[in-house]
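Below is one structure, written out as C-alpha cells, with a few remarks after it.
For clarity, chains are labelled A, B, C, D and E in written order, and residue numbers in each chain start from 1.
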Amino acid sequence: APALARDTIQIAGSSTVLPFASIVAEEFGNSFPQFRTPVVGSGGSGGGLRQFCQGVGPNTIDIANSSRPIRPNELANCKSNGVTEVIEVKFGYDGIVFASRSDSANYALEPRHVFLAGAAQVPQNGRMVRNPYTRWNQIDPSLPNQEILLVIPGSNHGTREVYEETVVHPGCHSFAEVKAMDSSARNNFCNAIRTDGRVVEVAGDYTETLARLDAQRNALGVFGLSFYDQNRDRLQVATMSGVTPSLETIASGEYPVSRPLFFYVKNQHVGVIPGLLEYSLYFMSEEVGGDGSPLEAAGLIPMPSNERRDVIRSVRARTIMQ
Amino acid sequence: MTPSDSEQTKTQQPDLMDLAQKRDLMQQRVAASLKRRHASEKRFRLYGMAAVTVALSFVAILFITILSKGLPAFWQATLTLDVYFDPEIIEIDEKPVRQPGESDGAFQQRMLAWQTDLGFVNFNRIILNSLAEVLPEAPRYQRDAMRLVTSGERFGLRQLVEDNPAIVGQTLRLKLLADANVDVWLKGNIDRSLPDSQQQLSARTRAWADELAERGIIRNQFSTALFMNADSRSSLASAGLAGAFMGSLMMMLIVMFLAVPVGVASAIYLEEFAPKNRLTDLIEVNINNLAAVPSIVFGLLGASVFILWFKLPLSAPIVGGLVLSLMTLPTVIIATRSTLKAIPPSIRQAALGIGASKVQSVFHHVLPLAIPGILTGSILGVAQALGEAAPLLLIGMSSFVASVPGSPFDQSTALPVQIYLWQGNELRNFFEARTSAAIIVLLALMISLNALAIWLRRHFETRW
Amino acid sequence: MNTMQVSFGEKKDNAAQAEHAVKMSARDVKVFYGDNEALHGINMDILENEVIAFIGPSGCGKSTFLRCLNRMNDTIDTARVTGLVTLDGKDIYDRSLDVVQLRAQVGMVFQKPNPFPKSIFENIAYGPRLHGLVDNKRDLDEVVESSLRRAGLWDEVKDRLEAPGTGLSGGQQQRLCIARAIAVSPEVILMDEPCSALDPIATSIIEELIDELKGSYTIAIVTHNMQQAARVSDKTAFFHLGNLVELNDTREIFTNPQDSRTEDYITGRFG
Amino acid sequence: MNTMQVSFGEKKDNAAQAEHAVKMSARDVKVFYGDNEALHGINMDILENEVIAFIGPSGCGKSTFLRCLNRMNDTIDTARVTGLVTLDGKDIYDRSLDVVQLRAQVGMVFQKPNPFPKSIFENIAYGPRLHGLVDNKRDLDEVVESSLRRAGLWDEVKDRLEAPGTGLSGGQQQRLCIARAIAVSPEVILMDEPCSALDPIATSIIEELIDELKGSYTIAIVTHNMQQAARVSDKTAFFHLGNLVELNDTREIFTNPQDSRTEDYITGRFG
Amino acid sequence: MSNLVLMTLLLMVMALAYQLGLTRSKRVAVTTNGTGFRMHSRPTYHGMLVAFWAVVPAAAIFAVWSLAQPGIINALVLAQLPPEFQPTTDTEQRILLRRLANLASGFGLTEEAADYELAAAAYLNQLHGIGRTLMTALMAAVAATALVLAWRRIEPHLRARNQMESIIRWLLIICSTVAILTTVGIVLSMLGEAFRFFTFVNPLDFFFGTTWNPRFSTVGTDGQTGFGMLPLLWGTLMIALIALAVAIPVGLMAAIYMAEYAPSKVRSTAKPIIEVLAGIPTIVYGFFALITVGPFLNQLGASFGLEIRTTSALTAGVVMGIMIIPFISSLSDDIITQVPKAMRDGSLGLGATKSETIRKVVLPAALPGIVGAILLAASRAIGETMIVVLAAGNSPVLTANPFEAVSTMTVTIVNQLTGDLDFASPQSLVAFALGLTLFVITLLLNVVALVIVRKYREQYE
C-alpha cells in the first residue's frame, strides 16, 4: 500500500476538551466497526491549533479541540499553510468553579473578593497600594478567617483568560479608581497578580491544583466543573455572587464563570481520513452529548437543542470558516 | 668517582648524622598524628556509608510510597454473573462466511454489515437481565443498577458473540468488571460517611454494591484488564496498560538498536581513530552539549524534523523511538568514551606490535574489555529514555489511544505518558492507585532491564 | 655459556655485624592467594642497619615476602598471611599495631615505577605532609631537595619541580619513587627490584645511596641481578618455589653456598 | 667503586659479518614529541640476521628510536618522525606501505610486560590467527607450544594454558610477551629492555633464545645492562642525549671505544 | 513481495556472497601457497568485502526507488485520467490520489466510486506491481553484477582488509556525524521561530529584563512586555545548584565507599539499586516532591521557625538531587575503580591511610572523569522539566531565597508551548527563544568545562 496511508482520525488540543473527546472517540470506535478509534492528544488549545495549522496531509492532525474560539491571526496562519477549509464546531459549555478542601472553610465569594485577594495592588482611599490583605476576613468579615492562598491556572491556560474576564475584571472594575483609567492601563492593573507567594499559578492540569490543596489546607483553587464533580468528596465548591455552580445554573447562564467549547475540523481531510465527518456528527448527536448522555455524566454542560440543531446543520453542510 | 660526586657525598654527611634523631622525632610526630588521622579515616568511611545509606533509603522511601499506593490497584472489584445471551435481544443473522470466488472487498462489505447489525444489539439489556437474577429490584431502578457494571462490558459481550455466535441462547458464567466508582466505594477509597451530595454513587447503588460484596458476587479479583486492555475513558474501570506497554517496548527496541550501536560506533571513532584537532574538539563539545540539552527540545526537533520533514506519522512509536534515540545517543557516547579511555594503552600497543591493524586492535582487544562499561552506560541511557515523557508530549504521544499498536507506525502512547495521563484523570479516587500501579509496571520493566544488564556485566566481567 | 664474575662492595667486618640487633623477624610465614599457597613457611631475621637482598627465580615469592614486611599484602583481597612477623620485637600483624605507623617505619619502593599524577614536588612532599613531618614551606622545600639529591635526581629535575612526575622517563620515575620513600625517613626500606628500569649510571647512583643509607637504615632489596645483590648487600636470602632455601652473609652465599640449589642458581646452572 | 667485567658470547668472525645485507637503515631520523626534539638525526644501518644492542643512559632516546623502526611512534599523538627509515630498501614511512604488514615483519616486545587480558593460549594464538599463519587447531597448538618453549615458559604454564595471562608473575608475563612476538615469526624483532623484569635464569633463557634466533632473524635490543649487550649483540649503538654517539662491533665498543663519552659511560665514569 | 521478504533475501545474498568470497580467497591462497607468497588479507576480509559490494548497491537502489516510486506512479496515474476529471488544485489532487489509493487497496472507502476512479485505481495497482517487479529485477541484477565483480577481484595482492577497514572507518565516521546532525537539526528547528519572536520583542528586553509576566495577546496588543528571562535563568540555576549540592556529596561519597570500602557483595547490590533512581520517570519524582518531600520540608522548616513553601526551589532541587545521584555515583564509581592499583600502593606504602590515599591520590587522578560525571548530572538538572513543573511552584520571580517558589526555563518552554496561547504570538514563540538560549548556555558551559578539564589533564599526563 502507499506509504502515506492513515486511516485513524488524529485529534489534539485543549486539555479541557480532552476527556469529552476521548469518550466520544472511544464510543465512536466501539460503535462503528468500519472505523478505527480516533486518537485524541492534548497539549492545550494553542498547541492543538498549532499542529492543526501546520498544513494538510497525513502527518498533520484532522481535528483541533479548543476551549476558546480560534483567533483571526491563527486562522490566517492556517490559510497561509494551506489549511484553507476549517469547519468550526461548538459542542457545549464548560464551567469554572472555585473550590476548597472539604475540611476547610466554606467560601461565598464575590468577584470583588477574588480580585482583592489576588491583585498586586489594590485601590485604597483613592491611591493604589501594595496588596495588604493576608487573610480572607480582612477583605470581607463574612469570609472565613483563613490565610489567603489562591491557586489559579497559569497564563498558558484558556481557563485563566476566563477567570480574568469573568471574575477578576468585574471585581476590579467595581472600584471607581479603576474605572477612571484608560482601557489598556486598566487591563494591566487588573491582571497584575501579587508575587508574594499567595497566588500560585498552576501550569499543569487540575490534578496539580488538587495536589496543592492536599498539601495546603487553606488553599482555594480554580477547577473545571467536571473535575470538581468527580472529586466532590474532597472538594467543596464556593458560591459566586450567591450562585452555586451546577449544570443547571451554568446552562442557564445564572452562574457567570463559563465558556463555550469547540473543535475544528479540517475539511480537506474529510473523505480522505475515513470517518472524519461521521465522528463530528456523532459527537454532536443527542445520544452522545445531550441530556443524560455520557458526556453530561463526564461534566459537559450540554447545548440547548436549537443551538445543537444549528451546529449539526452547519457540519452537514461542511460550512467553511471565512 | 668524579670530584663533584664526592663533594656531594660530603655535604650530605652531617645530614646523615642526625638522621637517627630526626627519624625518632618523625616517628613521634607520626604517632602524634595517628589519632587525628584515624578519626578522620573513620569519619570518611562513615560519610561513605551514610551516603550509600541515604541513597538506598531514597530508593526505599520511593518504592514504599509507590508500592503501598499502587499494589491494591492490581485487584479490582469484579462481578461474577450468569449471563443469558437472550436470542430475543440478540437478533442477528448468521455470521457471514466467505464464499468461494467472493472478492476481498465484497466479503469485507458483508462482514461490516453484520458487525453493524451486531452493534445495534442492546447488550446493556442483557447485563441488566443478569443483574436482575441477583437483584430483583434492578429493572425498576435501571440507572442505579447499570452503575454497578462498568460501561465497557457491553462491548466485551459483543465481542464474545462476534467471536462465537453459537453462544447466543446459552447462559455463561462471566466475570464483569465493576464500575470504577463501585471499586472506589468498596475499597474505601472514598469517605463512606460523606453525605449523598458528596458521593459519586447513589445511595441505592452503594447499598447494592455492599450487598453483592457480602454475598460474594462482587469480589476483589486480580485485574487482567490492567494488562490486557488499552486505555479507556468511557469505561474507566477497564482502562489498562497494554497499549502503553507495547508502545514503550517498541520505542525501547528502537533505542537499543539505534542509539546503542550508533553511539558506541561514534565513541569508538572519536576515541580511537579521530585525529585530535579543532573538528573533533567541536564534536566533543557538541556531544557534551547534546547531553545537556533539555529533553523537551528534542521534542521540538522530533516534531519539526521527523514529522514535518520526513513525514512520519504522529503519535507513533517510530517517531518516539527516533527522538529518544537521539536523546540517548550522547549518554551512550560519553559513557563509552570514558570506558575506552580507561583501557590501558599497553593493550593497544601489544596488539599493534604483533601486527594487528588499528581496527583489529580495537575490535579484538579494546572493545571486549569495554563491554561492561558500555553496558552500564547504555542501560543508564535506555532506562532514562524509558522514563522520559516530556519530548513525547510534543510529538503527539500524549494522546488518548484506545487500541494496542500492532506496529511502530501505529498510534500509541508510552508508559510514562500513560502515567502522566492517568495522574491527570478527573476521577482521582480511582486513578491515584491506578497511576501508582502503572508506575509499578514501569519500574518493574526498568528493573528487569537493569537486572539483565547486571547479569550481562557480570557475565563479561567474570571472564577475567 | 657466559661467564659472570661477582665482585663485592666493601663490607664492615663480621664482628661488627654480629652486634646488630634483630630489626625484623619472620616465623613460619605463609602467604596464600586464595587457595594457592605462595610462601610455605618462611623463617628469617633481618638485622638492624643491614642490607639484605632477596634473590631467586621469577615467581618464587620474593615480592610476596617483601610485601609481608609492611603488610602491603593487606591491599590484595585474596591474599592471606599466617605466621609471625615482628618489627623491633612487636608483632606487626597484631591488632593493636597501627598499619599506618608501620608503613611510615617500613617504607616501600615498587617494581614498576608508580609516581602520583602530581607534580614532582608534590610527589615528594606527599609523605612529609601526610605525616605532619614539616611545619612550614621552607622545611618542606628542604626535605624535597635533600630527598631528590639522595636519589640522584635533583640536577635533572630542579628546574621543573612543577612538571608532572608522570612525564619523566622510566628511570627517572623510579628514582622519583625512591626519593619519595626516603622523604619520610623510615627505619626500614623495602625495595622491589628498584633498579630494574634503570640504566647502569642510575643504578650505581642508587647503589651508592643504599651503601650510604645502610648505616642508619635497614634495607631489604629484591633483585634479579645477582651482581647487584653481591655489591650492595650484607646478607642474601635465596628463595625458591616459595621456600627460603638459604640465608647467609652475602660473601658466603656467593663463594660458598651450602645448598646445592643455591649453588646451581648462582652459577647459572639452574632452570 | 664496583668493578664490572665484561665477557662476550661466541661471535661469527668479522669476515662473515661483512657479508650481511642491510636489513634496516635510518637516515637523519629525528623525532619530535610536540615541539621537543627527542632524537637529533640518527643514521644507522642494521644488518640482516644480526643482533644490535642500543645502550645509553636513561632518557637518551633508545626506546624512541626503537619505536621508529616499526612505526609504533605513530600511536603517540604528539610524536612526529622525520627522515628516512627503510626495511629491505623500502621506505617504511611510505604511504603505499602497509603499516600492519610492517609490524608483522618487525615485531616488538615492550619494556613493561603487557599480556592481553585473555588466556595464556589466546595470548600466543592471537598473532598466528590474525595473520592466518595456521590452518587448523593442531597447527595452532604447535605454534603456541613451540613459541612458549622458546621463551622458556612452557614448563611453567603447560598445565594452565587456559589461565589468564595477566595472572602470571612479572617475569612470566614478560616471557609470555616474548613468546607472543615470536609466534608470528617476524623478520626483525625489536626488544625494549625485554629482560628488565626477569631474573638471571629467565634472562639467560632469553639470551640463549636471542642467540638461537639470530641466524634467521634480525634483532634490535634496548638494554640498560651492558653485560647483556656485550653477551648477546654483534653490534652495539651508544645513544646519548638524543644522539647516536657511536655504533660499532660490540667487541670494539667495549674494548676500544672511539668516543670519550662512550668510554666514560661503559667504564661507569659517566653521570 | 513485501519489503520484509526483500530484506530477508538481501540478507541471504549477503551470507552467500560472504561464503563465495571466503571460498575463492581460500582457493587463491592455496594456489599461491606453493609459490611461497602470502595473501595480503585473511579470507574473512575478502568474504566481507564481497558481501558488502553484493548488498550495499542493491540496498541503495531500494532506498532511492522507494523514495521516487510514489511520485512517479502518481504522476503516471494522473496523466492517464480523462482531462475532465483532472484535479485543478493541489488539495483536490491529494484527495483524489488518496481515494484512488483506498480504492486500489480495497479498504476504507465508504462512498461510491466513479468508473474513471475504478479504472485509475486498477491502473495504480498495475503500476505498483510493475514498479515492484522492476525494482526487484534491478536489485537482483545489480547485486549479482557487483557480487561477480567483487568476487573476481579477489587475488593475493588485493588489500581486502584495508578496504574493509576503511569501510568500517567510514561507517564509524557516519555514526559520529549523527550527533552533529542532531545539533544542526535542533538549532534549525528553533532558529526561525526564535527570530520571529525577536521581531516582536526587543532582544535586550528579553535577555536582560528582570520581570517575566507575558500576558495574553488579546489583553492589549501593546502588552509585549514582561519577557525578561533573568528570573527564569536564575530559577534554573538555583534549582540546579541545590540539586548538585544534594547529589555531589551523596553521590561522590557513595561512589567512593562502593569503590574503595564496600565488600564486593555490597557494591554489586547497592550499585544497581542506586541506579534505579536514574530510571524512575521524572513525573514520579514530581509527585513524590509534591506529596511527600514538599510537606516534609515545610514542616521541617516550621520546626526551625523557617517558612519553607511546599513548592519551592528547595523542594524541586532536593528531589532533582535525588534523581541525579546515580549519574554521579555510578560513573564516578567506575572511574575510581579504574585508577591503577599501583597508584594506591604507592600511597599506602608511604603510610597513608585509606582515606588519605583516596582524597589525595585517587580522587585527583580520577578528577577529570568525575568532573565529566558531575557535568552530565548538572546538565540533567538544568534540562529537567517534569519535576520542576510540579515542585518548583512556577513563580517566575527574582528571589535569592531558596524557600520561595521559582520557575525555570524548561518549565516555561512547556507552558508556553502546550497551553492555550495563540501559537503565532510572541507568548508562544518565546518558547523557541528560550530553548535556543538554553542551548547556547549549556554550550558555553560545556566549552568552559572542556577547557578546564583539558588544562587539568595536561598538568598531570
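Structural remarks
As a convention for this text, a residue touches a chain if its C-beta (ideal position, glycine included) is under 8 Å from a C-beta of that chain, and two chains touch if they have at least 3 such contacts.
Please read all numbers here as calculations on a predicted model, not as lab measurements.
The minimum number of touch steps linking chain A to chain D comes to 2.
Chains that touch both chain A and chain E: B.
Any chain touching chain D that also touches chain E appears here: B, C. Taking each chain's centre as the mean of its C-alpha atoms, the one that lies farthest from the centre of chain C is A. Set against the C-alpha centre of chain D, every other chain centre is closer than that of A. By number of C-beta pairs in contact, the leading pair of chains is B-E. Of all chains shown, E has the CA centroid lying nearest to the centroid of every protein CA atom. Chain geometry summary: the mean Cα position of chain B and that of chain D are 57 Å apart. Chain centres here are Cα averages; for chain B and chain C they lie 58 Å apart.
Averaging Cα coordinates per chain places chain A and chain C 83 Å apart. Shown for chain E are the residues in touch with two or more other chains, namely 107, 161-162, 287, 291, 351, 353, 356, 414, 417-418.
Residue positions of chain B touching 2 or more other chains: 30, 37-38, 357, 393-394, 423.
For chain A, residues touching at least two other chains, in rising order: 4, 34, 42-43, 57, 204. A complete list of chain pairs in contact reads A-B, A-E, B-C, B-D, B-E, C-D, C-E, D-E. In the complex of the two chains, the chain B residues touching chain D come out as 1-2, 4-5, 276, 344-357, 360, 364-365, 369, 464. Within the complex formed with chain E, the chain D residues making contact are 98, 100-101, 130-132.
Across the interface of their complex, chain E is touched by residues 70, 72, 75, 77, 100-105, 107-110, 112, 114-119, 126-127, 130-131, 164, 166-167, 177, 180-181, 184 of chain C.
In the complex of the two chains, the chain B residues touching chain E come out as 30, 37-38, 40-41, 44-45, 47-52, 54-56, 58-59, 61-62, 65-66, 103-105, 108, 261-263, 265-266, 268-270, 273-274, 281, 283-298, 300-301, 303-305, 326, 329-331, 333-335, 338-339, 341-342, 357-359, 373, 376, 379-380, 383-384, 386-390, 393-394, 415-416, 419-420, 423, 439, 442-443, 446-447, 449-451, 454, 458.
Taken in their complex, chain A has these residues touching chain E: 1-5, 7, 14, 34, 42-47, 49-50, 53, 56-57, 66-68, 71, 73-74, 77, 82, 84, 154-161, 164, 183-184, 187-188, 191-192, 195, 197, 200-204, 208, 211-212, 214-216, 268, 271-272, 274-275.
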